[in-house]
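Next, two complexes with subunit A in common: one pairs it with subunit B, the other with subunit C.
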Partner chain A sequence: MVRRVATLLLLGALCGSLCGCSPAEPETSGAPAGMRRLTEEQYRNSIADIFGTHIQVAGRFDPILRPQHGLIAAGTSQISVSPAGFEQYQIMATSIAAQVLDPAHRNTFLTCAPKDETSADATCAESFLRQVGGLLYRRPLTDAEAKAYTAAAGEATRITGTFTGGLSLSLASMLSSPAFIFEIDATEPDPNHAGGQRLNAYAKASRLSYFLWNTTPDAALLAAAARGDLHTASGLSQQVDRLLASPRLEGAMRTFFADMLQFEVDAELVKDPAIYPLFVRAVKEDMPEQTLRTLVDVTLTKAGDYRDVFTTRDTFMTRPLGVIYGIPVPQKSGWMPYQFAEGDKRAGVLTLMNFLAAFSHDGRSSPTLRGKALRELVLCQPVPIPPGDVDFALVQDTKNPLYKTARDRLTAHRANPSCAGCHKIMDPVGLAMENFDGIGVFRAEEGEGAIDASGDLDGVGFATAADLGRVIHDNPATPACLVNRMYEYAVRRSSVAGERAWLESLNQRFVADGYRIPKLLRRIALSDAFFKIAPPETTKEALR
Partner chain B sequence: MRTFDRRRVLRSLLGGSAISVALPLFDCVLNGNGTALASGAPLPVRFGTWFWGLGVTPGRWKPTKTGKDYDILPELRPIEPFKKKISIFSGFDVLLDGKPNFPHQTGGPGFRTGIAPPALAFPGVSFDVMIADAIGGNTRFRSIELSGIADSTNTLSGRGAGQMNPSESSALAFYTRVFGPDYKDPNAGAFVPDPKIMARKSVLSAVTEQRQELERQLGAADKARLDQYFTSLRQVENQLAMQLQKPEPLLACANPHAPEGFDVGHEVENVVKNHELMAQILAMALACNQTKVFNMHINNSASSLTKRGSTTSHHQLTHDEQIDEKLGYQPVATQFVKDLMDQWGTFVRVLDGVKEGDGTLLDNTLVVAHSDTDFAKVHTVSSLPVMFAGSAGGRVKSGVHIEGKGEPVTRLALTAMQAVGLAQDRFGSGSMETKKPLTEVFA
Partner chain C sequence: MRVRLGAAVAALACIAGLSTSSAAPRVAEKGETLGFLVTKFAVAIYYGDFATDCPEGFSPTTDEQYLLTQTPAERARLLKPENAPELEKKWKIEYTSGPNGEDICRNPRSFLDDPRHPVQKTVQGKTSYGMNLDGTDDGRATARSCQHAKFRNPQGELVDNQLYRIMGCAKSWRGEGATFGGSMALKYNSYMKDGLHNYLIELRGVNDRRNDDDVEVGIYSTDDKSMLDGSREHLPNQTFAVTSNPRWRNVVHGRIVDGVLTTDVIDTMYLNWFFALNGPYGAVNEHEFRQVHFRLTLEKSGILKGIMGGYQPIEITSAQARNGGKGVATNGNRDCASEYKSMVAFADGYPDENGQCTMISLAQDVEAIPAFVLHPEAARAQTAALP
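For the complex of A and B:
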């Protein structure tokens, strides 16, 4: 026993000195190699980065999937392509390929000239398809692929009678193929673990790039993969630091936050204009951007403590938003920094419009929806589904003279014991935000009842919504939730049981790092866990 | 509103009259008795679903009498002229086996897949997809999904969460997809295969050649997803192949004109217009043999329909609105049910207005209309409102009200599958597993 501990210590010391990571990160199981469908954003970013921003991508994408209590990013490893979806991919691909090879842009990519524009030229076609294919597939084409697409171009040229016409159709089929539409984990034998598999260098490059940039790997990253750099600690950290230093990181983090806070709710958001005449289109457009700017400002621009997003008095305003917040905004257009006064009722992103409006009803606020969102999205504490046969009449009758405020109504509703269990989790925190109506405008009273925003979060009391921000800031579930979500976003699947110990240690490092997101990103991107591949499973059940 | 040019019959439909006007005859394309095409192939049987969200109003929809002489209550009045062609089913339940009733997400998927969802996700293969797999093969589109409200995720058709068939939600986009540049008019005299389509089809082989190599790298679940991808690819290949063959002339097929494009949103006034246009284009897509299977979802399960000038949604009203003591129901929420049932009447009228063979397009179709709940206020999934319209080419007896008395709703799905010719002997899981179709419905 003693000897074994000594050996472990020795190994730990060795590893510590070799890879500069001390103490050693807990071993993880990883998950089997997977296949993730590019999101609409990733598809668009990839096309713009490979062919240029002038290429129009016009089409409809198959629906996203948000797994229960999970991220859309993780849903990408569960979705496929429907027949109507494939039809759309093919339409987009045909149009993109035609634009790439139209007379105005052809020379950018087609560096050879065919012998004759009306007949096939396998050499020229193959050189084009290998070059473009390597970018689309994020790895060099296999010989079989190059041969198949060159043959396809030749056949299409024979049918259509033009070289570029045939080449363009072959490119379109490449753009419709699984190797482009999906990011597929390619593995190879792991030289460090006999019998084990690891991601190959190109798959590592894709994983890094879609995590930190939300787009396809650039030429430098593909070159690093080709050289084998990504398999070495120094080569990997060099690329990770380059990716982290790029302004593109912000785009990926915006996508992460929008995913974590379920911004897709905004797309379907409508408010009753009779009740909320201020909720105009410009306001609806600016409100998610305000929250994103605030999040980016705290976590990236200032590289601050993540928990400060719940307490910060700093935000950004536009003139339309100023109307909602009751703040004069002198400039006609664009964004200006704004600081809420010390002691203001607002502080932190949960008191900004987007959260308040998105988790409200059409015509009134909802302490329950807000409380549920706070628990599930910010603290990663799932709330059970309500029973199907609840009579909501009491909660929803805002004109009942006995129950003027939402607090009165929910208290009466909680008299029903089958409802009380869950509402005790949601309502006290949700009621803290009752000073803001269904679109987030401040109010002191509801009807003629004064609003009492006090309450407690798991035993820690607060008096106002701004106060609640401080309680969330100090709750250990807040950073732990962020760490879990970030890892899920990085690997684009749910974490598995064999990763719990590692996530726990990652959380401790996050605490020690002062809750800095860029440091968290770096730790994930450099970790073994991020790239780890478990042996393939044979049954569907075993994968769950 | 001018949507179609060639056929007055359709114009008269638009005017609200249900008269079938004699069409310019292409008698040569039908056999002597009008029941089959000139080639001897029988007229195809079509299948579709018509879904509406948030159910019906207690005491205003469900007939009080069963059998042929069922009575028409206010919410079924729009189908009165077609009573002989529509059967009503009540008392058929989604059985939960102790699983939770997820409000608005249990009833629809539960009926369509025969599985009460154990979690918030579409739990299996919907029976319309099983039907499309069986009969949708030799048309351009294996199936077509449509949504009256502007939401492509509004669908109950799929192979499980992550493999859902998205809906077309604009009449113009739907028109373009079917009758746009790639459409080959079956009644056009001359036919020259389009080399562009030939080339588009040929390059897809480069993709399918990579299949084995890709599969080699994947686990079982991902192999299934890749399989789904290739099924979708094959459908498009098939679609292109269909366009390279000279289509068989079709008497009932008339090429519609493009509808105007407009912002649909969720306002019921726009949704109604969108649905009517889609119904007309769909009727022609069926008559022109572009598809045999369709899924129409006029609104969504948690109906986000609103009245112009208000944004209180239909869903919100079903919960918030007080029951009027004198009327005995929620007056505004009930208005939405009326609007939806009016559209169901319109849908049936449009299909019945297309003359085909001895009967109408509706006669050669089986449409299963259903909602996701009986009474939305409390989200009941027992006694789902279900209707069958049409007779699947004479294989179904219609015009009756059958009371299920708590039998699983999967019996209706199994009945529909067998009626359109599937060799399917059971459907559903748990208490909803059934081997018993409603034999009294078969002709």
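For the complex of A and C:
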């Protein structure tokens, strides 16, 4: 997979340099420098990368709220830390520091020995704290910081009576610092724009790393930052290509897709066991992984056209999932590739169980939830919030003999003019998935009523859910939405008005690149827009 | 239970590389293949009127049987509350051990001549599930059977089921009340839910699910465990691989008449069994049945349901108690010696050189739900589920 992505990237780079086929990048406004709280995944990844996977991270994290019609990644720039959340950070920091400096691990990180284990040793302590601090803060410690943490270690040694005990408390305070918990946009004057600011090299390294690896910068990236390479086109390109060629890219893309398709819904997902006895724990656990594997397979492993995720017949199966899909799964445990037959009712990730179950009710399917999710998550077309006085009784009455199917009930519901507007947007595409019940099991009928899955999306007709996938594949909003989401994920904030032209340009290049995500990632990571910092006085209107 | 059965037929096309298993049915080329996971496979108890079936009531439990061995005066004394510890010691320790410390359950043969452990009360009713194994209409002795009484099944056919005769009035087998509640069947079927042993049925070459006089029936063990729903019911449409042990793969010809599948006789059928035992009677880690017939209804819901009849060596029938040891007699309150003595007394199949039958006729309740059955040599789906 890595080799294939690298080949594509190389070809793209050659095209850009030899053919001169890339138009100039539109100027963007950027956004003011900010700070983004590490997600739980980023925090855990960072600790694992700095100290090793054997260091346990035990604690709870404040949730990061998803902005309306946005990504959780963007929510990281809109939150702080609650008192209770900070308490948790302190607990985790103390625990991590204690593990790092316990007898089993300290020799890995502590390369010097104190003169006396019961006394402070400023030289040894500072050496350790500068080394570890540079990794935690993703930049070298300032002399003042190093001095302060060394002094703290000395004082803590006096209190605890041991050198490593004191060092551990100082390390814990470092782990509790905003400089670690937040990714901070440190800026410096931009030599290419008089009076302007730009991210400094270390902030660039962090932005790149959390975008493409979803973790803290590694030593090579920090070294590149130290050398100033990230301020040069070739140096930046070299690092971006290295990051893109790494297997760690997959982890970041899995996080992106899970964010884009709102996989957090799965955690709270409950189904009525009397109605859906097949929705057992093993099935629920495998459900999101199937979709993620399919997405990664199409976009990274095969480096294919992103739009194919809505039409692909290739996916992956486990035995528990075989129960849902009604198919045999020869492999006893783990995952195996599976291909739906030509003409199967399923094709694409929207016909896989995860989407179908996540956007259904506890005891029945929901064309409205599915249609809304498709519009908002896949096409980036927000659906207005329903008015407060809507009567859902008819829609929810699944035993009404006059309205046997969801289509019948929703058709009646749309007779209410205040409902019709939004339901015209959601229902036709949602009804296309009615051949799948509330957990994604295929059904030809709902009760005694035959299911009609036909409809149209923006005037383009389809007959089945698989057919709808083809229509989504060909809808220009599909790649445009992906481009917007990916940029939002990259900069971890919502895009601003001053970036619209750039995003339009990026979308055009994505189309020209054959809708290949690795190329899109590279274009974003090498762009000026990705690192652009707006002056602090930029008005809210300009950013809106 | 009504199960949803789906797109399995289409799925077959996706799994290539067919090769034929060693137990591959000969009619594979024609008709469809239906796979099932056996969800019930336990002794069939006919729940008729209890007063008719067991007019003397239940067979005594271990503690009850112990008290029956005592004089009325001693019995009364032991039943006084202040003597409860003494009573418990006597029936749980003394009564369940032989003169040389033999375990009543592990070594029941040692108690065959012990009058304290009599033959159990037998079913007096005339109805039982089962099959006519000896082919007679009067239960007379034949080359392969000993003289015994016949039952009639609910359809009025003469059948053999001596195991039901001796265990049908035992609380541990019948359960209390006209249900499976507390019964041996409940326990045995629960073991399959726990994945201790699981069985598969496969029908091959089915051209007409209502009437087809030429189908192949496979009865297999599988090492794969079954997934259960929140109510501890087996999930339909799971995938299972047939055991790689050819001894636990059984294939027989069958016919479907009006939706009822009847198999020819399987002379000897082995299936793996949880109750592995290395006891005084040798290693027992499998079921052994002789002269096996199945009669199963292919229900519209997709479930296969019916009866299996056959003989079983009493050493295997009693293996469950032997495996549990004295705990079966004390915690389970089953007089293993009486059970075994009853089996010896009522065994009706396969006489030894002395004319003593070594096997006992029985009937098993069988229920199976749709599943995908794979043969390890082919790793290929060989089933289709019902629509």
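Couple of notes before you dig in:
In this section, the second predicted complex is superposed on the first by the 514 of 544 C-alpha atoms of A that agree within 3 Å, B and C clash if a C-alpha of one lies under 4 Å from a C-alpha of the other, contacts with A are read in each partner's own complex, and residues count from 1 in each chain.
Everything below uses one rule, namely that contacts are C-beta pairs under 8 Å (C-beta built on N, C-alpha and C of every residue); 3 or more make two chains touch, one makes a residue touch a chain.
Not measured: the values here are computed from a predicted model.
Per the definitions stated earlier, placing subunit B and subunit C onto a shared subunit A by superposition produces no clash, and the two fit side by side.
Shared-chain residue A:Ser234: touches no atom of subunit B or subunit C.
In the superposition on chain A, A:Pro320 makes contact with subunit C only, not with subunit B. In the superposed model, A:Pro277 lies in contact with subunit C only, and not with subunit B. Angle at subunit A between subunit B and subunit C, computed from CA centres in the superposed arrangement: 80 degrees, to the nearest 10.
In the superposition on chain A, contact is made by A:Ala148 with subunit B only, not with subunit C. By the touch criterion stated above, A:Thr53 is placed in contact with neither subunit B nor subunit C. Within the superposed three-chain model, A:Asn192 lies out of touch with both subunit B and subunit C [touch as defined at top]. By the touch criterion stated above, A:Gln90 is placed in contact with subunit B alone, subunit C being left untouched. Counting residues of subunit A touched by each partner, subunit B versus subunit C, the larger count belongs to B. Annotation: superposed on chain A, subunit B and subunit C show a minimal Cα-Cα gap of 9 Å. Under the contact criterion defined above, the residues of subunit A that touch both subunit B in one complex and subunit C in the other are 273. By the touch criterion given at the top, residues 273, 277-278, 280, 282, 319-320, 322-323, 325-330, 332, 338-341, 344-345, 441-443 of subunit A touch subunit C in their complex. Taken together, the subunit B residues at the contact with subunit A in this complex read 100-103, 106, 119-121, 141-143, 145, 151-153, 155, 158, 161-166, 168, 177, 195-196, 198-200, 202-207, 209-210, 213-214, 217-222, 224-226, 228-229, 231-233, 235-236, 239, 266, 304, 306, 310-313, 316, 319-320, 322, 377-381. Residue ranges of subunit C in contact with subunit A, taken from their complex: 4-8, 10-15, 224, 227-231, 233, 235-239, 241, 372, 374, 379-381, 383, 385.
For subunit A in complex with subunit B, the residues that touch the partner chain are 32-35, 60, 62-65, 67-68, 75, 78-87, 90, 94, 142, 144-145, 148-149, 151-153, 155-156, 159-161, 165-166, 169-170, 172-174, 176-179, 181-182, 184-187, 268, 270-274, 361-363, 385-393, 396-397, 536-540, 543.
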